[in-house]
Amino acid sequence: MVVRVQAEGFDAGGELNRFTAACDGAGAVVSFTGIVRNRAGAPLREMMIEHYPGMTEKAIAGIEAEAVDRWSLGRSLVIHRYGALAPGETIMMVATAARHRADAFQAAEFLMDYLKSRAPFWKKEIGRDGAEWVAARDEDEAALGRW
Amino acid sequence: MVVRVQAEGFDAGGELNRFTAACDGAGAVVSFTGIVRNRAGAPLREMMIEHYPGMTEKAIAGIEAEAVDRWSLGRSLVIHRYGALAPGETIMMVATAARHRADAFQAAEFLMDYLKSRAPFWKKEIGRDGAEWVAARDEDEAALGRW
Amino acid sequence: MDVLYFAWVRERIGHPKEKVETTAATVRDLVEELRAREDRYDAAFADLSALRVAVDQELADFDADLSGVREVAFFPPMTGG
Amino acid sequence: MDVLYFAWVRERIGHPKEKVETTAATVRDLVEELRAREDRYDAAFADLSALRVAVDQELADFDADLSGVREVAFFPPMTGG
């Protein structure tokens, strides 16, 4: 279980390789990377991500502990950035390793669903003509219902 | 849609980075990597993967076309090795990119379920005391039922 | 007790953190005290259904007990990932 | 027609590929012709439920029609991924 909350960018491919190399006995590794999308219409200048230092790490550790409890997981990794990000930059990544693929996939989806709605991050989109906080999506809250 | 069937090893992290860089407009990238696991008890010397040249590429392309048809996918990538692999080596990888994570996750799981049971690959485990073809698992066949 | 604000709640109130002397028994009582202070607080807390609260860095609800609590944070629904 | 064998079917029959002159109407008829050849064929095809077949590189079933077909392959259930 590794959790990193950081302002700096990171190399998702390098992280995936290091994660996989450290997963002795795993047959399946799943990764998710979230990327700052540009908007149709009004171009995005940057995305500002605010978080709650202290609670963020605790919340993610709690979510990971629950994933480990529910699935047969070898290891997991969560990296999440905060601060100013440009379109195309990687916001965050999750990786899970397990003997079989079903556990790795389900744990990764579970981690993502909970990180979306239960880890204290807030996104603000900054365009040429102003800035706007990203609203939580109903379907993200609803996604928690399946676990 | 990129399909590569090859004997050579590949750098999963490098592939993930190249894939992500080429995915303009995607917010979510999911990857799966399959790794040769060692066996408990009798150590594995190598895994031999046999395939059906010609049909393999066609079958994977057909599976990818169906994934594109069912989900809102930006891009997808399938790399699958054949030949002799040592424990710890990467057998194959799938990557999917979409605007939202649900499409990327579901398409990756769908691709994996179909690659497991519908792409013409066969695995043979070679140990110190003999070799054995890996049997298809009932749960892999059953996994197709959900799509 | 430390009271923290994040995202648009922080922007509306005008600062990220403040020390609050209070005898409020629950989060809801604390909210009422804050709303009574100034218009910007009143505006920020007008619709509690748009807000979430954490008590000592754990998600809580507005009826949560504040005895012994050192830190309360108010913010909109989270948008991580 | 080319007939291909993979994995343990290839090992049991002893070669990966052969040309077969046949007037078999279906895959099942072809299997019967092959089984009549030699014991190793008979053994390889003893339990059809353990085998899969592809006709011109598409998965098919044992009742598939062979008219115009150039390539038939026999193999155990696939274990990719």
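Going by the order they are written in, the chains are A, B, C and D; count residues from 1 in each one.
Criterion: a residue touches a chain if its C-beta (ideal position, glycine included) is under 8 Å from a C-beta of that chain, and two chains touch if they have at least 3 such contacts.
These numbers come from a predicted model, not from an experiment.
The minimum number of touch steps linking subunit A to subunit C comes to 1. Under the contact definition, subunit A and subunit D share the contacting chains B. Work out the mean CA point of subunit B and of subunit D, and you get 26 Å between them. Per-chain Cα centroids separate subunit B from subunit C by 48 Å. Annotation: 71 Å between the Cα-based centres of subunit C and subunit D.
In subunit A, the positions touching at least two other chains are 34, 101, 112.
Residues of subunit D in contact with at least two other chains: 81. Chain pairs that touch one another: A-B, A-C, B-D. Across the complex, subunit D is touched by residues 34, 50, 52, 54-55, 58-59, 80, 91-92, 112, 115-124, 133-136, 141 of subunit B.
Subunit B makes touch with subunit A in their complex at residues 11-17, 20, 23, 25-38, 90, 99, 101-102, 104-105, 108-109, 112, 143. Residues 4, 6-8, 10, 54, 57-59, 73, 75-81 of subunit C touch subunit A in their complex.
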